[in-house]
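A, B and C are the chain letters, set down in written order, and residue numbers restart from 1 in every chain.
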Amino acid sequence: MNNFMRSMIAAAVMITFGFVGQAMAKDLVVVSWGGAYTASQQNAYHAPYMKQNSGIKIINDDSAGTAVAKLRAMNKAGNVTWDLIDVVAADGMRLCDEGLVEVINHDKDLAAAPDGTSASKDFGGLIVSECFIPQIVYSTTFGYRTDKVSRPMTSICDVFDTKSFPGKRSLQKSPLGNMEWALICDGVAPDKIFDVLGTSKGAERALAKLDTIKSDVVWWTAGAQTPQLLADGEVVVGSTYNGRLFKMIAVDKQPVAMLWDWQIFDLDGWVVPKGTKNKAEVMKYLRFATDTQRLADQSKWISYGPARASSAPLVGKHATLGIDMAPHMPTDPNNAKTTLLTNYAFWADNKDDLDAKFNAWLLK
Amino acid sequence: MNNLPPYLSVPERIWHYAFWLICIAVLFFLIFPLLVIIPLSFNDVPYFTFTKKMLSFDPEGYSLKWYNEFFTSLNWQGAVRNSVFIAFFATIIATFLGTLASLGLSRPQMPYRTLIMSFLISPMIVPLIISAAGMFFFYSRIGLQGTHLGVILAHAALGTPFVVITVTATLTGFDNDLIRASQSLGATPTTTFFKVIVPLITPGVISGALFAFVTSFDEVVVVLFVGSYRQRTIPWQMFSGLREQISPTILSAATLLIMITIALLTTLELLRRRTERLRGVTPS
Amino acid sequence: MEKVQEKISLVTADGTPLKISLARAQRRSKTIAFMMVFPLLFFVTIAFIVPIADMLLFSIDNSIVKKILPKTTEALKDWSEYSGELPDEVVFAAMVEEIKSAKASRQHTKIGGRLNYESSGFSSLFRKAGRKVKKIKTPPFKEALIESDKRWGDIYTWQVIKQNSSEYTEGYYLSALDFKRKFESGKIESLPEKDSIYLKLFFRTLLISSLIVFLTLLIGFPLSYMLSIVSTRTSNILIIFVLLPFWTSLLVRTTSWIALLQQEGVINDFLIFLGIINEDGRLAMIHNATGTVIAMTHILLPFMILPLFSVMKTIPKSYVRAAISLGAHPWKAFWKIYFPNTSPGIGAGSILVFILAIGYYITPALVGGVSGTFISNRIAYHISNSLNWGLGSAIGVILLGIVLLFFVFYDRIVGINNMKLG
């Protein structure tokens, strides 16, 4: 099909259905995860920004789950229709590596903290890539059914203890997290985990530990699955993102409690795709949406920790439930006694290899 | 005694009833999963389980809130609009090209008929994940990935085999003497086409178009790859709903889809009867 | 004899021999017929066949290293990779220069990503090199590069680069068939049993698909037979029971099987109600192969029933009656007379169900857990998740090959011209 015909059909289609007005210059298409997460961004960032800037209309696109592959395709086609993308840090680094997203000058492009601390100092070590603007700290951790266990679960190794805690558990169908937890419960010192995991013996050791519960595991691939499995009683304990469990416990009032032991911290944040047609508007929006107050505001809607140090003291109560949000944050001292931070450098090198080993193990 | 007709023997009688029992069980197996969806869509809690209240027919266990959500949410509204829009244009393209090709294929002089036919119905045979992957790569190369046009063309390609198969099947029973009769009675080729051929193939064309429409309307794999959020269709929304935000809204959408399916099936059945009526008057 | 025939051959009004005139008319007819088919042929080629061919290209394309490191690739040609020695200064100089220029356009990490599929660690090697090369300004580049990361001093590193610097590769196909290239020797070895993935998945896909064919046949046969012996009016109504699920969205049916099969789902509750199992004995029928088999049997059953029914309709009832009246036991009459006559329907239905089943992706992803996922799930994973498009394409091409093989069978048994829907 040649270009002429393509544009003719496109034009006919657009005129017929009045889509011409849909792609106005001042529309910003923001890609995020949908559901409660997008709602929190809408409330904390988009709505106030649109109020201040009547010329801008922010359109939510809920396809962050497939954003990396789709952005690669758009870039190849030279037709980038997104303006801003919410990704997890590992994907942000990958997109940066592939040259698909813009490099950010954090100090120049972002607002300083209210006390004048520069943005790069305020975010500190969370700036894991030169293209990535951290937004929240979330954790992958466990929730368990309080009505289906004989005593509260307190240790990550309880997940591996099928004698004391019989029943199915749900784990992510990925080596990330599971292998770290397996090694911890197999007696590896937490600071040596990645040294061990980097060797083929270490990988086998982790898989051997996972082998002890393999027949009791339901593997999940999307964030909503563990809450559903817990609610259905399909599993007694399962890993997922802490915000999902917060909703289950605080909003849906399900008989579920948190098991924070060795929660794994990860980051979620913004990247600006190369080829966006509204770069100036996006950068202006980003300066607003990532300032100290806005990041603190988001935590009124969802239990993820703001990425700026200066936002932490501003975290208040949940906007509709009125409960104090601080104790529900993964970064709260009571919850963060034992934690791991996702090792981006390690996984960038070893994900493909360990993933193949992990999948071969699953098939055994 | 041994010469009694077999259908009167006791084992035969038992077998006879057993056979009917099996058939009823199979019909039940086919239809039960669809019926289960309907009460669940009136669930009061956000999960896919029958609650105790529902089982005791307590009105409090039921609610219309998922239907309310379906009709008010922007995501679902967009999905319905996109589904209809994409399926409509995909059907038009598939039906037009498919019917024209079938008329050509059914001419006795058509060369390489089998080869061309297998080529044309390949979109139906190739596993969807492969079609989706190939289209994802190629459509992004030429700038069609993430556009309505891209999804329409992809769905049209998937729908054409159905049109080709149903229309050629209609034409298999077509009596070429009718054309000759019409022409010998002085009709121009145009008149012959509109007065003789069109009425006869119409049921096949409509049934093929319905197949093409439903193919696009139900399709999820290709739209996930070739489409983007802006092209989200009902199945797209259902799939992401099953993975990201589980809620019985999916079930209310499903119930509505089942109703639409019943309406479409009734249409098909009526059309089939019409074909038979028309066939009845053609000499053969 | 021949001359006589030529003389009496017929001519048309304008004097052209009839033979030529007829041939001309037929050629014209042929052209018209072809012109009618052409638009669709063209459309299907562009919208469908070319994309598939594009995927074929992806599965062998390996141009990235050569494109970004042309000089290094050229210089490596003179290096014998099994000599046991590192490449010489020329190669290192070219590498440093090209990483510098690639860094400017952020291309160096792309190579790292590509080579990391072959061997773990290349991702960080190139990312680190991108940071360090700007400090390397003067020769000797060899020592300087090794100084920046000792992995540049491993012969292995260069063996991997050299063996991936050709325009095309069969590497993705090797991976897709569980083979591995040993870069140290250039030899191709099959993976040990414990590391094999794709062959197992191909095998499982074929096995579960065969099981589904068997089940649909087992369940579909009696129903199709029943539909063929009742009156047309009854069968027209009963066939709606078959067509309704056929036309209902695949996602809807999969969703309903989730509600039915889960631990606290309808079937388990019902079995407890009947007292067949107790509360602790709830059956795990989902998130495993059982879930995939049950849901897919239901979804594909209409594809078995419809062709069976259309064949059974045409078998005269008198055949079986004749056999019985000649003294055959009804069972024998059925088995020796009726059953063989249904074989075209069995063949058509089985192959159709089989072809559709081995390509399934959505249902196994939602209800299959680990033991019930198919090879298609891996294709989807590599395309949208790991971004190893080459490997995803290679698996896809192999799967396509298998499907086409069965399609040829289908054509032999049924003939595609006899394909009917509903």
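Heads up, the rule we're going with is that a contact is a pair of C-beta atoms (placed from the backbone, for glycine too) under 8 Å apart; a residue touches a chain by one contact, two chains touch by 3 or more.
Because the structure is predicted, anything quoted here is derived from the model rather than measured.
Undergrad: Point out which chain occupies the most central position, where each centre is the mean of Cα atoms.
TA: C
Undergrad: Kindly indicate the chain pair that has more C-beta pairs in contact than all others.
TA: B-C
Undergrad: Determine the centre-to-centre distance between chain B and chain C, using the mean Cα coordinates as centres, and give it in whole Å.
TA: Roughly 23 Å, centre to centre.
Undergrad: Starting from the mean Cα coordinates of chain A and chain B, work out the distance between those two points in Å.
TA: 38
Undergrad: Go ahead and note the Å separation of the Cα centroids belonging to chain A and chain C.
TA: 32
Undergrad: Can you list the residues of chain C that touch 2 or more other chains?
TA: Touching at least two other chains: 47, 262, 264-265, 383-384.
Undergrad: Give me the residues of chain A that touch two or more other chains.
TA: 1, 66, 72, 221, 232
Undergrad: For chain B, give me the residues that contact two or more of the other chains.
TA: Correct list: 48-49, 136-137, 139, 141, 153.
Undergrad: So in the complex, the part of chain A that touches chain C is made up of which residues?
TA: Spelled out, the residues of chain A in touch with chain C are 1, 66, 68-69, 72, 94, 96-99, 168, 173, 218-219, 221, 232-234, 345, 348-353, 355-357, 359-364.
Undergrad: Spell out the residues on chain B that touch chain C in their complex, using ranges where they run on.
TA: Going by the criterion above, the answer is residues 6-7, 12, 19-20, 22-23, 26-27, 29-31, 33-34, 36-37, 40, 48-50, 93, 97-98, 100-101, 103-105, 107, 109-111, 113-114, 116-123, 125-131, 133-139, 141, 153-154, 156-157, 160, 162, 164-166, 168-169, 211, 214, 217-218, 220-221, 225, 234-235, 238-239, 242, 250-251, 254, 257-258, 261-262, 264-265, 268-269.
Undergrad: Show me the residue ranges of chain C that touch chain A in the complex, using the header's touch definition.
TA: Per the stated touch rule, the residues are 46-47, 105-107, 109-110, 112-113, 116-117, 120-124, 127, 194-197, 200-201, 204, 262-265, 284, 287, 365, 369-370, 378, 383-388.
Undergrad: Applying the document's contact rule, which stretches of chain A touch chain B when the two form their complex?
TA: Where chain A meets chain B, its residues are 1, 6, 9-10, 13, 17, 19, 31, 33-35, 61-63, 65-66, 70, 72-74, 76-79, 81, 221-225, 227-228, 231-232, 252.
Undergrad: What residues of chain B sit close enough to touch chain A in their complex?
TA: 46-49, 75, 85, 89, 136-137, 139-149, 152-153, 224, 228-230, 240, 243-246
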